[in-house]
Structures are given as C-alpha cells and as structure tokens.
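Next come the structures, one after another.
The same subunit A turns up in both complexes below, where it pairs with subunit B and then with subunit C.
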Partner chain A sequence: MEKDGVSKSARVLWKLSCFFRKFIVSTLSVGPIPAHVAFIMDGNRRYAKQRNLEEGEGHNAGYLALKFMVYYCLELGIKHVTAYAFSIDNFKRSPEGVQRIMDLMVEKIEEELSQVDNTYSKMGIRIHFSGNLELLSQPTKDAVKRLMAATAKNSKVLLTICFAYTSTNEIVHAIEQTCQEKMADQMELEEPNVVKLADIEKHMYMAVAPDPDIIIRTSGESRLSNFLLWQSANCSLICFSQLWPAISFWHLLWAVLKFQRNYYYFEKKKKQI
Partner chain B sequence: MDFKKEVRIVCGWIAYFGDLLLRLLWHLVHVIISLFYFTLGIANALESYLISWGVLKRYRSLHVNKLRYLAIVVESEEAYETSKIIALLQWLADIGVKHVCLYDMEGILKKSKDFILAKVDGAVLYGETHENNKLLDQTHMTLEFASFCDGKEAVAKAANVLFMKYVKSGATDQNQKGHIFTESQMSEALKTIGSGGPEPDLLLVYGPARCHLGFPAWRIRYTEIVHMGPLKSMKYGSLIKAIHKFTRVQQNYGK
Partner chain C sequence: MLFSLNFTLPPIFFTNLSPQSKPFWNVPLHWRLKAKNQTSHVPKSPLCWTAEQELIQQGKGENSVEEEEEKVFHLGLEDQTLPLGLRREAMPRHVAVIMDGNRRWARLRDLPVGSGYEAGVRSLRKIVELCCQWGVKVLTVFAFSSENWFRPKVEVEFLMSLFDRGMQEDTGSFLRDNIRVSVIGDLAKLPETLQELIINLEEATKSNTRFHLIVAVSYSGHYDVVQACQRLAMKAKCGLIEPSDINESLVEQELETKCTEFPYPDLLIRTGGEFRISNFMLWQLAYAELFFAQSLWPDFGEVELLKALVAFQQRRRRYGNAPAKFKALEVACVEF
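This part shows the complex of A and B:
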C-alpha cells in the first residue's frame, strides 16, 4: 500500500512491519488458512463519541480500518472477505445519520473510480455489493453498480460489502426469485413444481462466496444482528471488545489461530451436513 | 556447472530447514495458546465456584425475567449425555428460566425427548401449553426440541407453502414484478409447518467452539450467542455468569 506524503521514517516503519507480518504469515500458513472471513463492523459511532469527534469521522475511521483488514487478508491469502456495512435495520436511524453513510459510500466509490485512491484496484480486489440495493437512492445505486463493473475483472480477493442487507430479507428475496423461476417453468410441467433447498441457495445474495469460516464482531457484542444467519452454521464466531476502527492485524491473527485450533472439528461438521 | 549445482543443493537445504523451523514455530505457538486456554479454564472454573458459593456479590441477584426464551445448542456427540442435559435443565428451572429450546444438529435430543420430559420436574413440551392456561406457563418449564432439519429444510418447506399460495393467486411472471412475499408471511408459513418457534434472547453453546451449528436461522436475528465450553465440564456458576451478563446487554436493533 502506498502512503504518499508520509515521512521517510514512517515508510521505513511500514516496510519493517510488512516484513514482520510476512514472517508471521509464513508461520501461520503452516496450518489451514480460512477461505472466507466476515466482519461485523460495529462501533464506529462509539469510537467518534469517545474521541469527541463528529459521527462522520467515526465512519471514516471505520472505512480505513476495513481497508487495512482487507489488505491483511490479502497478505494472509484469504480469498473472500465480507463486511457488514449497512443493515436494513439501520434505516431506522436519523435521516441525517443514514445520509451520512450513503454520502461516505458514494465519496469512497468516486475516489476509487477516479483513481484518487484506487487502492482496491491496485490490490486486485473485486468488489461486490450484496443486499437489497433497490432500497438505496439512485445516486448510491449507480455508484455501487459502477464500482462493481470497474472491479469485476480483479481476482485476488472478493470483497463483498453487505449493504442494505439482512439475512431474513435475503432469505425472502431468494424464495421470491425461486418462486418466480418455478412459476415460469410450471407452464411446461404436468406435476406441481417443488421448491428445493438448492433452488433457494442459488438465489441468495451471498451465493457469490462460499460460507464464511470466521465471523468477527467488534465492540464486545455477541449477536449476529441478522448477518449471514443462513451461511454461518459451521462458522467460528469471534468477538472482540475493541471498537471497529481500533481493530488491528493482531485481532485477525488471533481469529485465524482460533480457526486453526477448531479446523478439524468444523471440517467434520461440514461433512455431516 | 558444479558450482551452480552446489548452490542449488545449499538453497534446497536452507529451504528445507527454513520450512522445518516455521513448522516448529507454528506448533510452539499453538502449544502456548493451549496453555493459555488451560490457564483460562482454571481461572473460569475458580470463578464459577465462587459464583456458585455466593461469594461474588454481583451475581447474587439475577433479573431472570428479562430472559424470556433461552436456547441451548449442544454438540451432537455430547447430546447422548442425557444425565448432563437433565442436570442443566434442573439448574435452569431453579434459576427461574421458563422457556427453553434444546438443539443439536443430528436430532439426538429429539429422540430423548420423552425421557428428558419425564425426568425434569414440571417440564412440558412447548406447544402443549394452551393459551387459556396461563397458570401452566408460569409454574412449568416448557421445552422445545429442535435439530438441523428445523433450519434450512424447514425454510424450504415454508417456501413451498408460499409457492402454492403464489400459484393459486394466479400471479404470472409478467404482472408480478418486485416483492411478492414479506417477512411476516414467511414467519406465518414457518408456523404453518410447525417450525415457527419464538426467537431466543440468549443461545448457550455447549461444545468445542462458539458456533450455532445450524440453529434455525430465522430465529436468531438478535440472539446473544455465548460459548459455554464442553457439556462435560458445565458449571452452575458459568451458567449464572452467562445469564447475568445477558441481563446487562442493551440492544439498539440497528438504530
């Protein structure tokens, strides 16, 4: 990652930390590395409040933390990263609070597309948005679609941003899509068409990625808040007490070590399904 | 040529020993982590005994009314330990928990349902309490038994119920764009097929890892999920601590 306008000593420190992380990654890679890590990015507003900052600064800090975490996942060889950026339940917040997040999303997308700060493209990251995008305003929807199109050919890491997403909405949407598909086929069939589990699963928003191996939630909360409920049957759920903007490489390292401790247990569980 | 060959051999040995060193380091890291968890286990055990004996004041009063519905997820291999399950349920009854859902992936607990209901004092099967018999609800513990087939497979069955309604409504692909079902309709469809239990406030996982093992996804949107460790080393004090911690949680529900 380039850090333009930063002092030489900071760059040297960054290079040293990269070397140190490479060594840690080499050690960690002796064991199994998760294919998919998901994050519930909780605590941006509390972070801003604790530091007497405006709420928007908390979300900015949260965005930066996500960028770093994606970079660390890339270093570790984790192919799929999912982040819970905005829940459908979050629409209950004040209109100003919601608009702040939408504006931040559009701003960061424009920076990426205009190459002001196109870190994701440079890292070879494909970005996909999962959720009920019809709930978004037209400018946000357009920005999201343009970013997905612009990064479609990248293949090092798939970063899925869950935006306007809840698991229950995802399940209902998948059933709707399945029913419409079955209805279309029904005309040609004599027997009543039957909805199967595989039909529903292929219409899930998260069908783009395998089931997560780890879900990390920050801020000390121990619930999933309607995130990846369908996909997390055999997933290690890890929570950290730190707020999302304060998450670091060490938290990811700890999560991967815990995953490695329980790897054979979860492999056995997956075979049982 | 000999020099190049020798360099290749030396590099090969360096790579081999480097790889060996990394492997040793990896194992050492995991040994240290295991020692850490062992020490943590001893500390947690000590704390749970102190809680059980009433030494720690903050755990003496428990606002268990806040816990309306509790789910217990048990690793299927441990679900055969019905004596442990019964002991756990007795502890919950003593604490004052009224409604419990027992879940294991393979349905072992479902098969032991009758035995468990017979052994736990005052336990009745969820769904057998009648709406007009509220006294029964207050004095008895209701038990629900669930397994993996009440999760995704139940959603598929509910989807078929919704699909039949959709077909009967005469809607076609051309005139039915956008949303055709709501989450409420999905909840009703799940109730129709007998998988419409309430959402637990708290889910305790007894097993090697913190994972809900396929508990019905529709029911754990905002459920607090707590890992209790293996069932064989369950402790009363740890149960009190988990419930106490739950009663202090505040949820925004997205706000």
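This part shows the complex of A and C:
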C-alpha cells in the first residue's frame, strides 16, 4: 500500500530508525553536544561517476544527504549547521557545470519554497546564505533572498549555506568594511592597535553563527579549501573517506563522540588561558 | 553496520626495492648510512618493505635523546639523495609545523617540562636538516602562540631563555649552511634582549638563499590578519589606497609571511595527535594539505617526516577547479 509515493514498509522502517536514533540521541545528550557543526560537502561528482550517473545526479544526491544531515542535527540538538555548497573558486569550472549547479540551486529553492510551511516552519529551520552573493546571477540571487525571507522567523536550527563563498574573500570584505568604518570614525593615526579583533569579526559573512565546534570533510581529503579559515582557529577537524552523498547518521555520531571525548580537555585548556 | 571510518592514510608499501639494481646515488639515505657502518653489502630488500621497518631495524625508528645531544647541528651538504618513495619534483616548497607535545613527552618520562622543550629543540634541528636535504625551501614552525603567554610565568621565562640560547648557539650553523631565519609574531611582547637578538639574526642571515626558516613566536593567525588590517587602515587614512581597492593581494602583502617568496604552506604537519589548527596561519593555510601525526614533537623524526611527505605527494590538489585541469598532476600522483 503506498501513500504519497512511499510504501508502508518504508514508512515502518523509517519510524523504527527514528526510534533507534532517538535512543542514541538521548544517550549522547548526557554529554556535551556541539553548538555548531560545519560540513565540506566534497565528492558529489565522483559519486555520480562511480555509479555511471550524470554529474547533476551527484549534486542531487548531495542535496538529499544535506537534508538528512540537517534533520539528524536537529534531532541531536545541534543549533547551527553550515554547509560549503559552492566556492568562488568553483566558478573556474566549465560554464556548463557552473550553470548546472545554479539551475539545481534555483530548482531546489523553488521546491522548498512551495513546502516551506510544511517542512522548515514546522521543524523550526532558518536558512541563511553566506557569501559574496553579488557574484550570482539575478534569478539565483532572487531565489536565495526569497528563501531567506520565508524562513527568517524560524529559530530552532540555523542552516547556513556557504554559496559563492571563500574565507579569504570574506576576510577581505570584513577588512574593507572595517577600514571604511575606521575612516568614518576619524581614527587617530598615532593610536596603536586601532583595529581590534571584534571590529573585523562583526563584518564577517559568518557573523550570524558562533565559531564551529567541528568541521567535517568527506571524500578523504584533508584540507580546508578556503572554508571558515578565520572561524576554524580552535575547532576539531574530522575527515571521512566516504563521499558526501554517502554520509550518514553514523558519521555524525562518530564526530559528536570525538567532540565529547576531547571536550573537557579543551575546556580545561581554555580555562588556563 | 558501522561504515569503516578511515582517518589515517593507507600504509605505504615500497615494491621493487633492489638497491643493487640502482646506481649508488639513488640508494636510499638510510641504507647508505647502514652501508657506512658495516663492511657487508647493502642487503637485498624483501617485497613490501616499508621505510619505517627499515629504519626501526637500524634502531633509527625513535629519536634517542643521547644520540641527539652528541650530534652537532650541521647539514650534510654533500648528501642530496631523497629517500625512496619521495619525488623531488613533487616536494612541497613550504612546510608548516605545529610542534605540539613537548610537555606531554616530558610528563610521560617523569621529566620536568623544560626537558620536553629542550628535546623539542633537538627535534627541530633534525627536521630543519632533513628539510634542507630533501629540497623543501621554507619551513615555518609554530614555536610560541599568543595564547601561550597565559601559561605559568616560570614556563614562559624558560621558553624565552630557550629561544635566546637556541638562536645564539645556532647562529654559526645558519651562516655556515646558508639558512635565512625570520621571526614572525607580535615581537613587542618579547623581552628586549631577545628582540635585539632576533633583529641581529635576521639581519645577519637575510641574504642566505638555500633555505628559509620562519619561527612564529607570540603569533596567531588572528593577530596576523588584524595587524594587516591595521596597516591597510593606516594606508587608507593616509590616502595611499581606497578601502574599495583592498583585495587578497594587498592583504597578502601586509601579512607577516611577506618575508618569504612562498608565503602559502603546501603542507601543514601537526604533531601530538590533536586535529585542529590552533590559530596558526589561518589565511595562509587556505589550500594547505593537513597532516596530523600521532607522535609527540620530540619523537617526530625522519620516519614520521617521510610519512608526511609521502602522504602529501599522494594527494590530489584541485584548488576548487575541475579535475581535468589537474590531470597531469593526478597522473603524477598515482601510486608508484
């Protein structure tokens, strides 16, 4: 028997897995839960290539994986989730590849907007796009702004999608804003240390969220690729060898367990500071 | 049920290792060392022999404190052979190291914390020597973070005296071996005698070209960007630039790493088993490959450095571009 295109057995399995996950989550919640988890979603194209699919299907699968991870983070009580969707460096890819991603983004945003009351509002997920949005085409920019406006009132989880983003571009933008502010404040030339850390931080695209506690990268690469460089000063870096569409609840569970194992040691270190 | 969560790189297997089939200058360094000490011929290598197993067999798997104390810090300039498994054309130009684990090393041996730092200095000398031999151009080491000022005063004073002593003792070696030394960080917080020593050392070695050692003292990545922003704000105030002119290139020119031709590390090695960057060179590490070693810094020797460099050479660096553009590099990085 099928309802909304989903078979009864699939529903039963999903409910069983929800129950099992709730049990694990309640056990984990005895310890500290990270406030902010960031994902570098690497490996979509390789995933499609391995399964002889078109490149666009890999990004589709990646999008689904992101939705599931946000859901699992919501269950775990993680308040901030950041995902590295599209880097400014990715504009150097083939124009067809870039256009495919932009079209996919607009298509998915339209889909989400049609169901925003049923999904994001119910679950309390607010979506924010971080990055140099001026680099996007007008249709993409409009779609992005509409989704941000539609979910602005939700407050349980903040999902930040880094789109047209690189950390160096973010820092340059913050420095430019800081310099303009200092010039407007008519700062004294002789005064040392006119610029403080907080002056730069408040102009960052990622000022909406606290610094991440964990950055997870898939596909086995061990580098930041210009993602959250400023914010990753003291966060844990975890690399999984699986490709992004293959990520699952178990990876998140492992990451949280590692975080909990090191949490008290780093809190002690922070107190010494 | 759990996926295999692979955190470490696969073990490296060296095959086709018959040193007698290669010219003498291609024989790996550690086999040549063995040949120096023995009159017998260099042994035949079994299949699937790793560099680590070879070095452990010779008792070179772990740094010995006594051996290191007796060694004079001197480069074997005549010995330019790369160990087996490393390709000179794929060596990273700039390696950055977070030297973590000195205090734990001392605690594990019931030694005072100072002994841990001294062992760390010996390890650093060894790594500088190896990097010189293996073709790395720049080595940046994270010696003292801005946050370390909050450590106990006795420990901080000991570290300052250790820097002082180390620079004085090794000045001769740096000059002899054509090594340029730069110190980056908020040097105004250091004792004045140490500041003077640093200025003199930088001046004396500034025209050396063979190797560049950058020591980060009282440094943090945040501090680096903030001081760059400060300089740019001053320039904007003086009318030299407009705030809208500020771009990545201008910021790069104001960062502390402007002293080197290669300001961006290709490889970051962190010892001590922690998986974090701890506020080190945040801007410059944008595309660096990260390698986290479990061993503590005083134990980080030739074998561990070799592992890190081999792992680096196996990685595919795409810089966000389509893989097709880096096809040549992919082919070069395929298993030997």
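In the analysis below, the second predicted complex is superposed on the first by the 253 of 273 C-alpha atoms of A that agree within 3 Å, B and C clash if a C-alpha of one lies under 4 Å from a C-alpha of the other, contacts with A are read in each partner's own complex, and residues count from 1 in each chain.
Here, contacts are C-beta pairs under 8 Å (C-beta built on N, C-alpha and C of every residue); 3 or more make two chains touch, one makes a residue touch a chain.
Since the model is a prediction, treat every value here as computed from it, not as a measurement.
Colleague: Check subunit A with both subunit B and subunit C modelled on it and let me know: fit or clash.
Modeller: clash
Colleague: Once the structures are superposed on A, label A:S9 by its partner contacts, choosing first (subunit B), second (subunit C), both or neither.
Modeller: After superposition on chain A, A:S9 lies in contact with neither partner.
Colleague: Contact-wise, after the overlay, does A:L224 reach subunit B, subunit C, both or neither (first, second, both, neither)?
Modeller: Touch status of A:L224: both partners.
Colleague: Scan A:S248 for contacts with subunit B and subunit C and give back first, second, both or neither.
Modeller: Once the two structures are laid over each other on A, A:S248 reaches subunit C alone.
Colleague: Answer with first, second, both or neither: which of subunit B and subunit C does A:Q115 touch in the superposed model?
Modeller: neither
Colleague: Which of the two partners, first being subunit B and second being subunit C, lies in contact with A:S87: first, second, both, or neither?
Modeller: both
Colleague: By the touch definition at the top of the document, which applies to A:F240: first (subunit B), second (subunit C), both, or neither?
Modeller: A:F240: touches subunit C, not subunit B.
Colleague: Just subunit B (first), just subunit C (second), both, or neither: which does A:I175 touch?
Modeller: After superposing on A, A:I175 lies in contact with both subunit B and subunit C.
Colleague: A:V30 in the overlay: touching subunit B, subunit C, both, or neither? Say first, second, both or neither.
Modeller: first
Colleague: Under the stated touch criterion, which partner chain does A:N52 make contact with: subunit B (first), subunit C (second), both, or neither?
Modeller: neither
Colleague: Name the residues of subunit A shared by its contacts with subunit B and its contacts with subunit C.
Modeller: Common interface on subunit A, subunit B vs subunit C: 87-90, 92-93, 166-169, 171-172, 175-176, 178-180, 182-183, 193-197, 200, 221-226, 229-230, 232-238, 262, 272-273.
Colleague: Looking at the complex, which residues from subunit A come into contact with subunit C?
Modeller: Counting only subunit A, the residues touching subunit C are 87-90, 92-94, 97, 166-169, 171-172, 175-176, 178-180, 182-183, 187, 189, 193-197, 199-200, 220-226, 229-230, 232-242, 246, 248, 250-251, 254, 262, 272-273.
Colleague: Can you list the subunit C residues touching subunit A in their complex?
Modeller: Residue positions touching the partner: 1-7, 147, 150-151, 220-222, 225-226, 228-230, 232-234, 236-238, 243-244, 246-248, 251, 274-279, 282-283, 285-292, 315-317, 319-322.
Colleague: Going by the contact rule set out above, which residues of subunit A touch subunit B in the complex?
Modeller: 26-28, 30-31, 87-93, 166-169, 171-172, 175-176, 178-180, 182-184, 186, 192-197, 200, 221-226, 229-230, 232-238, 257, 260-262, 265-266, 269, 272-273
Colleague: Subunit A touches which residues of subunit B in the complex?
Modeller: Residue list for subunit B touching subunit A: 22-23, 25-26, 29-30, 33-34, 76, 105-106, 148, 151-153, 155-156, 159-160, 162-164, 166-167, 171-173, 176, 179-183, 186, 208-214, 217-218, 220-227, 249, 251, 253-255.
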